[in-house]
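I have a structure here, written as structure tokens, and I will follow up with some questions on it.
Read from first to last, the chains carry the letters A, B and C; within each, the first residue is number 1.
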Amino acid sequence: MKVLEARGVTKSFGGLKAVDGVSFGVDYGELVGLIGPNGSGKTTLINILSGHLAADAGEILVDGKPMRGLTPLRASRGGIQRMFQLTRVFRRMPALDNLVTAGCALGMALDAAQARARELIEELQLARVATLDAGHLSGGQQKLLEFGCCFMAQPKIALLDEPFAAVHPTMKEIMAGFIRRRHAAGQTFLIVSHDMPVIVELAARTICMNAGEVLADGETRKVLVNPQVIEAYLGGEAA
Amino acid sequence: MRSALQQRLRSELRTSLVLLVLVAAVPILVRNDYWLGVLIVSMYFALLAGGWNLLAGYTGQFSLAPATFAMLGAYGTGLLAYHWHVSPWLTIPAGILVAMVVGMVLAGIVMRLRGPYLALTTLSFAEIMRIVIGNSYGFTRGDLGLSIPTLMNDRLAWYYVFLAAVVAMQFGLYALLRSRVGLYLMAIRDDEIGAASRGVNTVFWKTASFTLSSALSGLAGVLYAYFSSLVSPELGLLLQTGLVICMVFIGGIASLAGPVIGAFLVYLTSESLRAVGGVQLIVFALLVILIARFFRDGLWGLARRILERPAR
Amino acid sequence: MLSLNIDLLANGLIMGSFYALMAIGLTLIFGLLQIVNFAHGEFYMVGAYAYTLAALKLGLPAWAGLPVAFAVGALVGWLTERTLMRPLYAGYRSWGPMKDEYAIVVTFALSLLLINLVDKVIGPYAVLGPGLVDVARIPLGPVMLTGQKLIATIIAFSTIIATALFIRYSLWGRQIRAVAQNRLGASLAGIDTTKASSIIFALSGALAALSGGLLAPIINTTPDVGSFPAIKSYVIVVLGGMGSIPGSIAASLILGVLESFGAVYISYDYRDAFGLVILIVVLLVRPQGLFGEKGREV
């Protein structure tokens, strides 16, 4: 059964086709990597899946049901949680309360959300900075915090846009470990990353985009040796 | 267990209540009608400042129309009382309702606007309202204003009515802000797109914040109308909004105590400086600029930083 | 009837040219920092007083008051940038929404400060500046104009054109545009961004002050006279696309004509509200302004 499916999704900015006829689906329990050179349309695709942008053509299906006029609010309430490439935290609110907000907004009672937030902040090893305003956290800590916000309630699917970019190896390991454990417990992920070793390690399946189109979609090992993919990554600038 | 945020709110509530208890005790020593009047007007501004702080400080919606909603509340009440001699039991809720409904409509208008766009739209709205009311001579008597019968002639009674309103506002805001609603509002303030992505219904809560904030302004306006028994477009002057902003910034924006402290401080000082001759606004403007530049969380923030400095 | 309409059109265009002179400075600042300067009207007020007092107190001939107004406005604009705007560039990214708050509060407070300072120092009573020329009425086809209006309009138009040329072709002007487009990029390209910002604020103050000087013989000057031209400028900046100079010139003329006809054909009492209603409607339909573009948000 597919959690999330895109059918012929297209989005242009001016004359530029940022996403061009993209179709794919993610099954329950899958962990899919999404790779592609800079500007290949990964973030734009995530934005469409999470309701932040409206596609020009094509449709998005959640649990097999077509979503018309998906908004960030409806996506979030429908269990599509995302992390932004440029971190978005609530800067003038303590770190812990960032998590509590996410919990309450998805229907948890305040007490329950506070308890859950404490567990989560322990697990992400941010307890030391829990009472600090989120804006005072380091860049990596903010990423980790935003990452945590996606998991206050059990999401149907977590869309993570470059969770490992500019993050110290230790924190990367905290995040990767978290992802591994959740995935083992059945959590579904779509992870954008330029970090090939991590993708190889985590994702059994990988989608590669180039110039808005899906170049390859399949078993990670095979995708990474696909000559077109190598061409896009290495020859992209030269071409 | 209380969160850091809830502890912060609690100490802010406590501070503002200490201040209000002092204010409640003032009439024991001062029986001078003039100074009681000054304190009443301070409390009028405290209501406006508290309402605006909810909207600007906690929700991040930097409206330039708080005084306008006081004016609308006052006219809602005043027109009913002046033209149709309606009983205060009806005119008072009606005035607040007018402010609330218009606030809700304004929220819808500015829903997608942010920063300078929001400021300009609310400013235009404020000016339009004032121009319309000030020029509709037939209905509102324009700049002459409406004189309405007062409810009580006892200044002391008015004093405690205003005080009760301010105290009620503080408790209400405290209850609201320490609940999950407070979190939603602050999330919207810090990052509206992020808030929606986390599942916060930004449209609903922004509307709620606008409506509630306007209701507080409206309440202030209604009370002031009956207290002064005069309703005029001057209530909605941009200068009045400027004063409210000064108060909130000097006292400390985004805190429960700041606006109340600021309202008393600014208005009392302003009346004291009146004798010196029109320098009060110069002083405040300078103070606001200095505060905005060097300590953005105002006097309350300054006090908090001194209090919270780790003891050794 | 026709001659009335031509008269209205002419007067609208004349008013529009003063509006344009006012609004260009606000537009420049918006283009630079994406902030609205709420003290812009006070730049006008300062100019009006500088012009008037140069003649009445210093005994200078009336025309000499215009450069005085221009210079005083430039000084006030420059000081504003030096003292209040600098923090906005440092840590530009980390400000987030605080940037808007800071800019609104600080410029709002500056406006209060200038109004009350002038009120205290010069006094609250209205003053009327000396006219540039004595000619009472000049018939221009079917349109009757006072000499003052005609000359002020000519000066306003020439200044607008000069400013547009300056920004388009001069080295400074090119630097200003580079900084407005991309502060970081411009500084990497070796442009002194701080100097460019100073120039923009000085120019903004100078132009507003000049229009204050030009209107001082027509409109009574009081400490709070700036609120009316300021509000017109806000409307124009929104109409003109928040940062576009040609857009704001067009918007000024449109607003001038619209008000002139509206006052006769719709309602005289509510004439000052027309522009404000337009502002709201424009922002409702296109939150980024009439000619503005939307940036990437997510």
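Keep this in mind: contacts are C-beta pairs under 8 Å (C-beta built on N, C-alpha and C of every residue); 3 or more make two chains touch, one makes a residue touch a chain.
Note that the structure is a prediction, hence the values are computed from the model and not measured.
K.L.:
Work through the pairs of chains, note which ones touch, and then classify the graph as line, ring, star, complete or other.
P.N.:
Contact map by chain: complete.
K.L.:
Taking each chain's centre as the average of its Cα atoms, which is closest to the average over all protein Cα atoms shown?
P.N.:
The most central chain here turns out to be B.
K.L.:
Using only Cα atoms to place each chain's centre, name the chain farthest from chain C.
P.N.:
A
K.L.:
Between chain B and chain C, what is the gap in Å from one C-alpha centre to the other?
P.N.:
Their C-alpha centroids are separated by 31 Å.
K.L.:
Express in whole angstrom the distance between the two chain centres, defined as the mean CA positions of chain A and chain B.
P.N.:
Result: the chain centres lie 42 Å from each other.
K.L.:
Which integer distance in Å separates the CA centroid of chain A from that of chain C?
P.N.:
Here the centre of chain C sits 47 Å away from the centre of chain A.
K.L.:
Any chance you could list the residues of chain B touching two or more other chains?
P.N.:
189-191, 193
K.L.:
Pull out every residue in chain C that's touching 2 or more other chains.
P.N.:
96, 297-298
K.L.:
Among all residues of chain A, which ones touch two or more of the remaining chains?
P.N.:
Touching at least two other chains: 52, 84, 91, 135.
K.L.:
Please name which positions on chain C make contact with chain A in the complex.
P.N.:
Touching chain A: residues 94, 96, 297-298 of chain C.
K.L.:
Taking the complex as given, what residues does chain C use to touch chain B?
P.N.:
Interface residues on chain C, with respect to chain B: 30, 34-36, 38, 84, 87, 96-106, 108-113, 115-117, 119-120, 227, 231, 234-235, 238, 269-270, 272-273, 276-277, 279-280, 283-284, 287, 297-298.
K.L.:
Please give the residue numbers of chain A that touch chain C in the complex, ascending.
P.N.:
43, 47, 52-53, 84, 91, 135
K.L.:
Please name which positions on chain A make contact with chain B in the complex.
P.N.:
So the residues of chain A in touch with chain B come to 50, 52, 71-73, 75-77, 82, 84, 88-94, 96-97, 100-102, 104-106, 110, 113-114, 130-131, 135, 149.
K.L.:
Would you mind writing out the residues of chain B in touch with chain A in their complex?
P.N.:
1, 3-5, 179-180, 183-184, 186-187, 189-191, 193-202, 254
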